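Per-chain numbering from 1; labels A, B and C assigned in written order.
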Amino acid sequence: MKALLIRDLMLAIRAGGGFGLGLAFFLIVTVLVPFGVGPQTELLSRIAPGILWIGALLACLLSLDRILALDWEDGSLDLLATAPLPMEGIVSIKALAHWITTGLPLVLAAPVLGVLLSLPVPAYQWVVISLAVGTPALSVIGTFGAALTVGLKRGGLLMSLLVLPLYVPTLIFGAEVARRGAEGLTVQTPLLLLAGISFGVIALLPFASAAVLRINLR
Amino acid sequence: MSLWEYANPVKFIRTTDKVLPWIWALTGICLLTGLVWGFFFTPDDFRQGSTVKIIYIHVPSALMAINAWLMMLVASLVWIVRRHHVSALAARAAAPVGAVMTMIALATGAFWGQPMWGTWWAWDPRLTSFLILFLFYLGYMALWEAIENDDTAADLTSILCLVGSVFAILSRYAVNFWNQGLHQGATLSLDKEENISDVFWFPLLVCIAGFVLLFIALVFLRTQTEIRARRTRALLAREGQA
Amino acid sequence: MVLTVRDLAVTRGGLAILEGVSFDLSAGEALVLRGPNGIGKTTLLRSVAGLQPPEGGTVTRAEDQIAYAAHSNGLKAMLSVTENLKFWASVFGLSDIEPALEAFDLKELRNRMAGTLSAGQKRRLGLARLMVTGRPIWVLDEPTVSLDVASVALFAEAVRRHLQGGGSALMATHIDLGLDEARVLDLTPFKAAPRTRQMDEAFL
């Protein structure tokens, strides 16, 4: 299991794309928003928490098809399926690798991009905390979507259609934490609910992903 | 004589062929009575005027939008546990019907909302949940279409349906939390005191019965079509091999 | 018996292709499957490896005994030869990759990126992977594709040593490996009578 994680991380670093691409996409989305809505600081600072969450979510989505598709194409997935690793473990590790290469950099980059959007000062910590708690759920749910569409030739668009509705609760609670933080309200309830979703999907969804992957492999 | 006997495709087609005309007839009677009664023989609401009459389409379609998904969930479970083809195909057949019901509920809601709330659309929790439900229907149907192998498609879509149901419920609560909303309380509830008055209630019940029958008829018909399509493919495959 | 196959039936694309296939494989034994293209060798091997549920019949084997190698090698272009092998070794709980490098003459290539190898070299690396699994039953699908004569000899030697060490091998190949001890099973007689799968028969 550890070997698989190390291999995936190594591949992400060497093949470029892994760390850089999602971050660059996040940056571009954040830069484009003021072009779209105008440069007024008050407006930007009000929508900043939401924009950061949407940007992170889209950046996450962009890299989902790499989670399993590459291993599918070169036959590694077949070989992994016959290896002494449980399929649930494989998909969990894949999701973890995706989070480390995509989610974690987004969490770290969010405050920097917050400056561009004049994010209110009290909101910084809550944006970072909500992303740190919420992005693992995005990776795990995304892995489920990737497993569903792994055998399909043009699965990317379909995967977005499948995954985005599943992202709704995470997005709502995550953005709510950030928004309330920005307004100086108490964040406890949405934060607990967000954490609940994250832990819930981490605990349960790998079983569904593994089942789906087994079906796709046969 | 067990219920599972109808899981045989040929038997299913034979049985539904016999009952379908009756269901269609009942559907017609119920819808006609319910709608005419509701539209022309009920008084205007003292506050909402005649716009209230949109309730006779809005509420039944909204009910069926949710119940269609529930039916798909049950059918998916049956497929996963007992692997009856008719079950998987019925789930597939119900999805577009459910999606259209959701669309009708959303559209009639918009027509109702315009005079009442002064807006076609508001990010009210109920409206938003239905929009999300509609997205789930789209994803489910797209996955069915995308996969060539019938059994793989049935397996994957039923797991998507299970996972989707959990997330649909989560979304419902999340959306509630996110915005408290404008929508009036439930029209139907078990507590008699809260219900709308009997004048509106009886024609509404007839309309709901009509929509349920319409749904059953459409699902039967579409399942038959799916079965026949599968049968055609199986026959073609056999010919190609011989 | 390390592997017993009884009355196996497999399907591909909704059509029955093989039925009634039975064979045994014991330790130290090799079995070569032959038959024309499309007879179902790959599908049969996938069923034996447990990747695909068979349509009928049984495959009896102990848990975690099979090392499977398919048409594609499962190599990562951006990892070196050593890293690729080390990865698979640790997945299977082993660490020593030297014998595998030795057996397939990969020592000089060890630090090259797998993506820069030729097709034959990649294949050798893919086969070397079998040796780091430590599993007794090798299930090989066309193992000699894109190998030259010398490499085929290397491969045959590796199989022979594996058999002598108490392992066994089940492979689909057209090439004569010069393995005298290998039995041959021609799959042509097991070609299924034209019919659809049982699953589809309910629809007819």
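As a working rule, a residue touches a chain if its C-beta (ideal position, glycine included) is under 8 Å from a C-beta of that chain, and two chains touch if they have at least 3 such contacts.
Everything quoted here is computed from the prediction, not taken from an experiment.
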| item | value |
| --- | --- |
| A-C compared against B-C, more contacting pairs | A-C |
| Centre-most chain [mean C-alpha coordinates] | A |
| Rounded Å distance between chain A and chain B, as computed from the means of their C-alpha atoms | 32 |
| Chain A and chain C: spacing of chain centres that average the CA atoms, whole Å | 37 |
| Computed distance of Cα centres, chain C from chain B, in Å | 49 |
| Shared interface positions of chain A, touching two or more other chains | 218 |
| Chain C, residues touching no fewer than two other chains | none |
| Chain A contact footprint on chain B (complex, rising order) | 132, 135-136, 138-139, 142-143, 146-147, 152, 155-156, 159-160, 162-164, 167, 170-171, 173-175, 177-178 |
| Residue numbers on chain C that touch chain A, as the complex places them | 46, 49-53, 64, 66-76, 78-79, 83, 86-88, 90-93, 129, 133 |
| Parts of chain B lying in touch with chain C, wherever the complex brings them together | 8-10, 85, 149-151, 227, 230-231, 233-235, 237-238, 241-242 |
| Complex contact set, residues of chain C against chain B | 13-15, 194-196, 199-204 |
| Residues of chain A touching chain C in the complex | 2-4, 7, 10-11, 14-15, 73-76, 78-85, 217-218 |
